[in-house]
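Chains: A, B and C, in written order; residue numbering restarts at 1 for each.
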């Protein structure tokens, strides 16, 4: 189908306001939160109902046109990067909260609903939505679903996949399925919902999502502890986890980060080698007791200063400082390359040292902010794009950091996803067989490979091929036939 | 073949913004951009530019700029010239994180990337480099309310306010608006910044309102047939009351603690003169000698927010002159919209050789009245006013000046006051200077949204620091069949200091 | 169904797994009355892979088996030739207490694993009743078994962070890893949860662990009515308590709502007090002793049909009423237990005939599928399963479910016929 025909078809589904076809405007959709990759989509469409999404996808299926779904466009791995000659389906107009069901502790939302809105909606009833990525004030639930977003509270509370109960999904052939229980748990059949969450938009488009909401804890206590360096802070973390305490959140920032954040949002953090923000929540008696223990452990590990948040405002300020970390980097450096690696917590100290050594080797600054409790680190390689060659050096350093993490038993990505950005590293973590088997799943959902193609897997597989070792056909084995 | 108007060819220009390769990386060439800018500067002043528009793909009306030909022979039309354009450094501060999106009223309404600060900055960036100014771009910039909620939300510190003001200036000079649009805007700016004209023009309003002519027109269905913008203006008009004048000098009550200048505003002194009267009384009660020079005119806020730079500079210089020999310690303003511009006089007049220094001195003295009262420290006794009031943050006070806590503190210092917070407080009410007159539809949506949130607080009155917001929210409430008395925080404080009963606040329009 | 050659011998299997580890099947190895020919026990992932490759080539229908505790889950198999037992793959591959992660071979008994973890004061947060009868970790994953503690810790799907599977053609693949936070690639660990061996054999699993609670107490309230049960459950759910389990027990002899409260002693103390306070309006509140807890345990012998009802948790009263109504009308006295905070209710039926049971299942299925839930027959005599399909309808998911099965097991040799949708 040529372009004009496609535009007409889309306008007949969505009306003229729902279709963007002018080049200058298409430009503003050429990348998501990761600016390093840009592709101008052929067309951008903004559906408002699930039925419209179905019709759009159906048209794409029939015409063999690839499509990519996008929420708020804040992803950090290029997951919403448009595809050459493809359509970008922007879900930001589907943003109604459809149902709030407090007795069953669930909320049903459209995918364009912003993460924070869910918590705001149920706050008065004493509930909140637990997965809280730093982008929660702008990232959409649909996007959170695609990336299986985490957040600072995911050590204790889990990720998006632990808080999604059901979804209505438009499959790449335009048909609609309901996966997951939605209202009731344990729906018979395969755990398709579990496979769908975190599939980075390559298996279909969710048009209605049932989320689990959680009762606000009785007590919350937050402290900020200052340490000489990340090693000392790491010791405190080990001590806390070792004592059997499961903090709601435990975050670490190093000196560069602290500096940037102070310039940006002025939380008044002590300017030291490393700070730890620890939050405990739960039943009051338990929290009180474990908080005392935590304070003790921080002291044992030579914390130079410990601040306890006196009220909600102060607590919010601690978190504001932490959550603004990435964007605040803009204040101390022209550009930065954010990584999202995970290592087992016990390897954290070694890996941090290695990263610092690498940084010195390359002569580049690396700031570190990370979820100390689960080993998810975000090294931020700082560089200046205006200096020739720096961008490449930064990328190479980032790659070395990734390899280091893999060597220590970690993963390529803890929360940001593979998307476009980390495809090339997949063979370092998975064998060909591993990747092929994953793609079996993709073939089951998207046999024509039109749904966000080119993401996650470096080498797409045709759906006709079978993975696995070569083996002789039984007839051949019996000597009755030969392989040509 | 005349290729002057073909789009730049990425293979030839090597410009990565024309990238279509899925894995192409962003590279910084440098040279191409500089050439474009050089071409723009070479154009000289706007008078040098030929009037014929050189059409490019699709758009009807084009920039009247001229570009320099590149090696391929095609012309480049950067949307902006050097006059000044939105600053590249400020644009580069944006890391594309998107935190501004959920606080932007137009993104909340339309859900389109270009109607968000991130998208608008993107368009500005393109305008600096190679995209010509066209209808679509201007439309998206025009739709920006200038509420600066994005500035509050941005963790990278992007100074969007400076960017949009520079952009608007460029648009006003380099973009040819449709004739009716031009005429309407001209009418607004011939009227609103001139209090005397405004007074005269709206005098008939008293009779109009006394005889309920508006309601008659509505019932007869005539109102609906008026052009949208006229309808919008009609809906916004406040109830006209008797005007109270502010004396040139007002003595303090008791010991003199400060000598302050007072800015009367334009819309404020014509439509809300009682707010000015209350302000002067309160300042006096708190021990200030208040000087309100008679010669003062408009501060130029409406003009600069609309990109009318020359007009703004005339107003600003005149206002600085008016306060020249007053020897005041501070200059107090009670209108949020004016306050934010007054505090920026140093930046806005930085290139004015004659006035730069005086503008700096002037700007340093400017204080919003709530801000000032808290700084001064209250001395006058506050009598109880037991009432639930919803406090509405005017964008130009909260986002632009960062003054949020002080008006609330001023209210909470009054015994019996129950200050209610409005949900979605950071989202603009839609007044935004002249926005609710030139863009009535989105303004109505935003106004209604705000009005609903206000009604949901269960408060009995609304308190806010901006006359524009007052007009806007009241119009929306009326449209919904409600009414709620409104007051400026300083009016509430005035009632409390004078020991007036709660009814004085409630028995008002 | 393609033609299958089944003229294989025991020696063929022994050549792969060793002489001592393959044998002829006995009647005990039958599944729902379908008798396999052989049982083989591979000792490694490689042997498992070779075995499956062989099976695929020969067209053998294979059933993976751990502890065999869930052999009667699902529909009877369409055919069955080989039982692939994980009994020899019982190692703990790696346990790093500081990371709260453990990596195990799928054949390890859950009981053994928990004992091992207890040595470091840790546990896997899953407590299916089959633990005591020798359920293996792989089996728990494949059957998605869970117990009362799912209220706090989630099901096995929320605890599994990595998996190594062997597909029906011998391909070995892994997904996930050994870190809790991991979004690289698809989450195949979750796909395999509850797949009942129909997608492949689960060979290794990685789990996230929790600290073992120091103290525990069970607070119980006597229920006067099903109404009280529902209301009490709601009160507890919306309170700021963090119980490890919220269970309802309903039978002729006892009608209780119980809360298991675990944690550090001061926390347990305080929460028990709060719970008692909240529940006192519904009936007599007391703490249960160990004996009483034991008496409440899962079914003993004697029941014939076990059913699981999933419904929205707020409808607990409705579930109980529908169950009691359906049963009383047919003269059946049910034993009901349930995870009151989750919406899962278990029904054990005895003392009537298949026809009555079938009607009960159909009636309940009718009511609860319309309300967004499901009714699954967990255990029943094969004859009953001819009458009533074990899983219930898959609705809009059927097509997609079939496609997934087709991709992972194109020749359909893995547990054919046992799963939902006739797969």
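Structural remarks
The criterion applied here is as follows: a contact is a pair of C-beta atoms (placed from the backbone, for glycine too) under 8 Å apart; a residue touches a chain by one contact, two chains touch by 3 or more.
Keep in mind that what you see is a predicted model, and the values were worked out from it rather than measured.
Most remote from chain B, judged by the distance between CA-atom centroids, is C. Summed over C-beta pairs in contact, the chain pair with the top total is A-C.
Separation between the centroids of chain B and chain C, computed from CA atoms only, is 62 Å.
For the pair chain A and chain C, the distance between mean C-alpha positions equals 30 Å.
As a whole-number value, the distance joining the C-alpha centres of chain A and chain B reads 37 Å.
Of all residues in chain C, only 5, 53, 57-58, 96-101, 121, 144, 154-155, 157-158, 165, 167, 169-175, 177-195, 199, 210-212, 214, 234, 237-242, 263-264, 266-267, 269-271, 274, 308, 310-314, 342-344, 368, 371-374, 376, 391-392, 394-397, 399-401, 403-408, 410, 419-421 touch chain A in the complex they form.
Contact residues of chain A toward chain C in the complex are 101-105, 126, 147-148, 150, 154-155, 158-159, 161-162, 171, 175-179, 181-195, 197-199, 215-218, 238, 241-242, 244-246, 282-286, 288-290, 342-346, 371, 374-376, 409-418, 422, 426, 429-431, 433-438, 440-445, 447, 456, 466-469, 471, 474, 477.
Listing the residues of chain A that touch chain B in their complex gives 20, 22-25, 27-31, 33, 35-40, 46, 72-74, 81, 83-84, 90, 92-93, 95, 112, 114, 116, 135, 137-139, 263-265, 324, 326-331, 334, 336, 385-386, 391, 420, 454. Contact residues of chain B toward chain A in the complex are 7, 16-17, 19-28, 30, 57-58, 92-93, 95-102, 111-114, 118-119, 122-123, 126, 131, 134, 136-137, 153-157.
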